[in-house]
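You will see two complexes here that share chain A, one where it goes with chain B and one where it goes with chain C.
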Partner chain A sequence: MSKKLVTTSKKLARRDNNKNGYLFILPYAIVFTIFILVPVILAVILSFTNFNAIEFPSWVGFLNYITVLTNDEVFMQHVLPNTVVYALVVGVGGYILSFVLAWALCNLPSMLRTVFALIIYSPSMTAGVAMGVVWKVIFSGDQTGLLNSWLMELGIITEPIIWLINENYLLPIVIVIGLWSSMGIGFLSLIAGILNVDESLYEAGAIDGIKNRFQEMIYITIPSMKPQMFFAAVMSIVNAFQAGSIYTLLTGNPSPGYASQLLVNHIEDYGFLRYEMGYAAAVSVVLLLIVQIFSKVANKLFTEED
Partner chain B sequence: MKKYILNFKRIALSLLAMVLVMSSALTVQAEDAPYKTYTFDGYGSIMQTQTAYLPYETIAKFDEEALSGPSDMCITDDGFIYVADTGNSRVVVGDLEGNLVKIIGEGTLKTPKGVFVTKNNHVYVADRDAQSIFEFDENGDLLNQYGKPASPLYGDALEFLPIKIVVNDAGIMYVVCESNTNGIVEISPNEGGTFLGYFGTNQAERSLQTIIYRAIASDAQRAKMVSNIPSTPDNLCIDDNGLIYTVTRGEEYDTLKRLNIAGKNMIEPDTYDDIPAAVAAGNHDNVFMVSQQGYVYEFNNEGEILYVFGGADDGTQRVGLCTLVSAIGVDTEDRIYILDQDKAQIQIFEPTEFTNLLHEALNLYATGRYTESKAPLEEVLKMNSMFDYANKAMGRAYFQEENYEKAQYYSKLAKDYEGYSDASWEIRNLQLKKYIVPFIWCVVGLWVLSKVIKRLDQKKNILQPVRDVKEKIGSIDFIAKLQYAWYFMKHPFEGTYGIAREGKASLRVANFLVAVFAIEYIINKYLSGFLWKNVREGRYELFSDIATIVIVLIAVTGCSYLVSTINDGEGTIKKLYCSFVYSLTPYITLIPVVFLFSHVVTINEEFLITFAYILIYAWCAILFVLSVKEINYYTMKETFKVLALTVFTILILALLIFIIYVLWAQVFEFIIAIGGEVVYRIGN
Partner chain C sequence: MAYKGRRINPQHFEKSQIKIIIAVLPLVIFMALPIVFIINHAFKPMEELFAFPPTFIVKNPTLDNFTALIKASRTAGIPLSRYVFNSLIVTVVTIFLSLLFTTCAAFALSKIKFKAKHILMNINQIAIMFVGTAVLIPRYLVISLGGMVDSYAAHILPLLAVPVALFLVKQFVDQVPDSLLEAAYIDGANDLKVYFKIILPMIKPAIATAAILVFQQVWTNMETSNYFVNDDSMKTLTFYMNTLANANNTVAGQGMAAAAALIMFVPNLVLFCILQKNVMNTMAHSGIK
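And now, the complex of A and B:
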């Protein structure tokens, strides 16, 4: 067999593989295109128009973006600061929390671990139901509300606080709920990552003088699960910025005094209450850019090799 | 030489002029007020200001009718004074000049303690010993008598000892009762007096300690504790809008309250008095509170203090000083009337020009006529440019006019952080509007440019010279070690190892970094944005700042070295010093960013600055702990032990230095005394 023949057959084989590959990915690609790619592109196009959901959209150029940055005082004074605070606390805090919990769970026997993982994971799936069942009861504004009742029993307050109307408490409440429900997909991937670390590394580490679990975590576990850490980080960033719609169940939209208004609430406010679709689309593109930038930063942080 | 003399002359002249101006200003200020007038500056510290009210007249007798232990007074808008003449069991009515008009309730009243006159001139008297409230009509005939409320809600065992009273337009009586801790008794005139409930109850003060005690104590233990009863209001008044002001003794937070119809407090005064005696609503949404010793406080409608003046009589019997104040009132001319129970006389104070202007501005500002309020405010500021309330109102007025630059200027003078922040936000927003579009184009342009350069570089290597220069600079020892600080900050574990074992740091670089740190610290402390500055405007203590930095650094390094050497630590003083200084890298690299931000960030984005500081300090602390650990080759446990010991050593060292300083001061004093003695003897 000559050399040339080998290469051609290799090329052929690759082309064959490609075809199969595309075939395999086709169903997903179609669904992805219809339900994600096209809407995103449409949103970007809509963001350059003035569209009220009834008349045909009219082209306005960059007007919506200029308005976001210069004329929307609610956005600048409330929405953006709230979102950044929320994302910093829930994104970073939730990430650290998921890692600590995942690490703690991995020290449990397998059966117990599964049960606890399920318990901890469930809030992120059932946030809507839980909001009605748990948080509304806890933060109820009269003396029968759980939190009010506890605080009054302990004698810290003498009359009930109307938690969900009071502007001082809204954002902290939303942040607490955010942290509580932040153990999502990222958390599962962290568990998988920690369990996936080669046992022999720990043995080698023990021989090399690692003395305790903390050192194990710093020197072995974290370096060997960077991909999972990165994935969890991106998930937690995306989740932190995308949160919001669920809290309307608790605080309404717009929330009192815009105290817990997040970016997504703002988009809903303009899109589905005022029907200013073009403007709402522009805000969502801004959100997309913010998430993109932060993911880039995370990428830099986690894939930096030296 | 001639020039010198000329200069000297000029200086002397100007000095003379200054003295003249000052003395004339002083005579204006003094103008026979036996007390000083104070106000609060923006930092909350007390400051002397122009005399706000002058003693005007004293009424000791209404015609020939002297008072005896008067305990309350009410001044009506049509110019009459009603005094509860407790000792003589009557109410004396006089006009503002001190002429007797009539006498009410002789024979009916026992010990009238409180008096109030409604708009239709009905007189309500709270009589303590008669345990009743009497209502007289305008001619002085008894209309009604209200006794102890029959309602079981009032409490059967509780006596009804009314001492102060106000009545609102609907005829509902608000009565302060002696020995009733439930609050102000609210009585409606229907059916001979219906008890409506208690009003404006104060909160019992709860310290953290009692909260914890109560939370952990059992029921039996709790029952044994002293019950925590709130103090009741001691006096009250009502303003034209029907809002009730109360004063309470012995409370810090509830001294002065403004209660709405629901009994909810709406103000938080800037200051408080331990024994407030009475309160009166002024004509300009302002409120006067007087303490028993005779200090008069004037607040605006938000509880911000305008003036404090007056004082206790120290036996000099000067007009304007009081011994035991029991009531205060204001007439339509803004004169203040203070009833002195001990001297049994009424002291009248007259507002000065300055105060009248301020009141005018206050009135205009409160009614939303901001533009008009500026003229009187300007006059006020001409007389006292540092009067903070005027500056603040001026700033707010300009803000309402959308003149944000001026608003910012005046808010800064007044240390009105909120006003300043709002004005800065608006200014920034305008700037944003102007420059955002070109800015975006610039960013896009730069991005494209960098892409193009990168592409060209890949093809033609055009950046090679730049890279060469960079490498050359990087290979200089000093620069390389400086760059290591950056690496140290990002990789604390490997970084500390590098310092401990590979000699990657040098003293030269460390000293350089300390210098940079000190410079940044000082710049950040004194020149950061107005909202984020913790030091007073215009106050600089550079020497003590630098000394602090140096001393702290020496103390920390030295003590940590001392402690670690006796604890099997492997660190040398040089390594410890270098690693401690390198631990400051996060501060050195991030503070410039924070500093720049502090000039554009308003209170609205406060969290950015807060987060930045948390990040910086946490990062520095982690680096510090890790460097102690790695340099000395400790475990985590040993590290914390050594850190605790280091802190202890530093404290001991401080104590030692203090003692030595005190001892040496004694020695020096002794030597100086001897020297003085010798000089004296020889001189003689």
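And now, the complex of A and C:
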């Protein structure tokens, strides 16, 4: 009996640094390293070089970064402002919208909630380019376009608007599509978070003088689901900054007058159309850094200080 | 009468919910319209696709667009079945390997004590914020240096590590009680046995969720076909469906493109509907602390 206890405690002690842990994580670690870590490191290295995909990259120091910040008019005048506006509306706006929607759905009976949640979530499944045809038909520039036809029937416009060429409408169109497909797993996480809030907290809150649903949301719901709030925020940020390739299909790259050019489009433009891969890599690094900064801010907002 | 505190997750329909439904309904309709449209568009006969003013709802549904889609692939050099085969192989292998790698890693990060554990966990947490499209070029370099261009590996390997999936599965493994594992270890089970006999059966909802995430990424993925594969016979169904959608800018092409879009979308929807309960169960543990 005591012998068995000794071997067991030995076993447990050995498991403080169980080498099997490395074995179990190894397969994931290998693909992670090769296809995520190494590419990021390569991007950082390439960003300090001049590389045209044919000759061996030549070292240029910080030149690419200096160019991004001082010499790239398209980046400063179009790409950066567009990306900021897009990230604010689709990222921040979409995040607030998804919380409000999640909260509203949680006040409905489960059958109705499931149906609504499915409808709201399903656009994010279409994130692939396949849905491009829908938007092409809706925003078609002549009278056969669905939107033009509706607006003309309602008498709001008399002439069809060439939506996908007109610089005034490109960014708003891209933002609408972005919002439409932004309710992904972050949204589902928020629903689950709200449903999981301890019911007794609400009863206690009512005794403590909470007067309405809005106060409940601010003082009880949000503080008790900060981890989910943070997860959803990260998902929103990533979603807002990785958007771009889908819109190439609609607006072309570069888009007319760079009106809807986003960071990802700028990277594709330099990397795959001009073959200035060193420069494209520098823009990629800037993109990755911006995402990290935004996530840090979200982290500050939603993590408990303890 | 004092405010009693609301009931989240109400069991029955109450009058007060009507306000909420009225507020939410316009948004729900906005979200649903494009999908309702694509379903209708895919079944429209030629004269309705050409109709002026354009119609939203199909009046005389036909399968013309789907047959046209199959016919178009016959005239192309590569038969449709080849793309379907490629997509099936790529999707099945990617999901299987990705889930195997992810659950193993999640087990290690959650339940096995080893030194590098916390560092590795933090690295993965940061990688959740990773934007794949940003490193397309270096990824291509890695793939071409590894001699993987024009192979199934170019489709599969880049999609295996999904940091969000690992994070969600790991959070779920955290919920498996330690006492259960201790009991198994005392009975003489080793780590491998614990992984197969206890962890895997207990985290089925998380596995289902990860499967959906991976499926969505691999099924709709265009990057690998566009950038890592030159040989047309090695490209996927998604790629082919998109060339159809792009090449035929005519109205006739539109019908085919809509049919193609529907074919790509429906598997996603069906899978999600089947596994929906599991997903919500997993999401309950999705918070980042």
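Here, the second predicted complex is superposed on the first by the 279 of 306 C-alpha atoms of A that agree within 3 Å, B and C clash if a C-alpha of one lies under 4 Å from a C-alpha of the other, contacts with A are read in each partner's own complex, and residues count from 1 in each chain.
Here is the rule we go by: a residue touches a chain if its C-beta (ideal position, glycine included) is under 8 Å from a C-beta of that chain, and two chains touch if they have at least 3 such contacts.
All of these numbers come straight from a predicted model, not from anything done at the bench.
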item	value
Simultaneous placement of chain C and chain B on chain A, clash or fit	fit
First, second, both or neither for A:Lys211, with chain B first and chain C second	both
First, second, both or neither for A:Val84, with chain B first and chain C second	first
More chain A residues in contact - chain B or chain C	C
Partner chain(s) touched by A:Met76 [first = chain B, second = chain C, both, neither]	first
Touched partner set for A:Pro109, first chain B, second chain C, both or neither	second
Touched partner set for A:Ile54, first chain B, second chain C, both or neither	neither
Lowest inter-chain C-alpha distance for chain C and chain B in the superposed arrangement, angstrom	11
Those residues of chain A which chain B touches in one complex and chain C touches in the other	211-212
Chain A-facing residues of chain C, complex	2-13, 17, 20-21, 23-24, 27-28, 30-32, 34-35, 37-38, 41, 52-54, 56, 100-102, 104-105, 107-109, 112-117, 120, 124, 126-139, 141-142, 146, 157-158, 160-161, 163-164, 166, 185-186, 191, 195, 213, 216, 219-223, 227, 238, 241-242, 245-246, 251, 254, 257-258, 260-261, 264-265, 268-269, 272-273, 276, 279-280, 283-284, 286-289
Touch list for chain A against partner chain C, complex	8, 11-12, 15-22, 24-25, 27-29, 31-32, 34-36, 38-40, 42-43, 46, 97, 101, 104-110, 112, 114, 116, 118-123, 125-138, 143-146, 149, 153, 180, 183, 185, 188-189, 191-197, 199, 202-203, 205-206, 210-213, 216, 225-231, 234-235, 237-238, 241-242, 244-245, 249, 264, 267-268, 271-272, 277, 280-281, 284, 287-288, 291-292, 295, 303
Chain A residues within the chain B interface of the complex	62, 66, 69-71, 73, 76-77, 81, 84-85, 88, 154-156, 158, 211-212, 214, 218, 306
Sites on chain B touched by chain A in the complex	203, 206, 211, 214-215, 425, 429, 432-433, 436-437, 491, 493, 604-605, 607-608, 611, 635-636
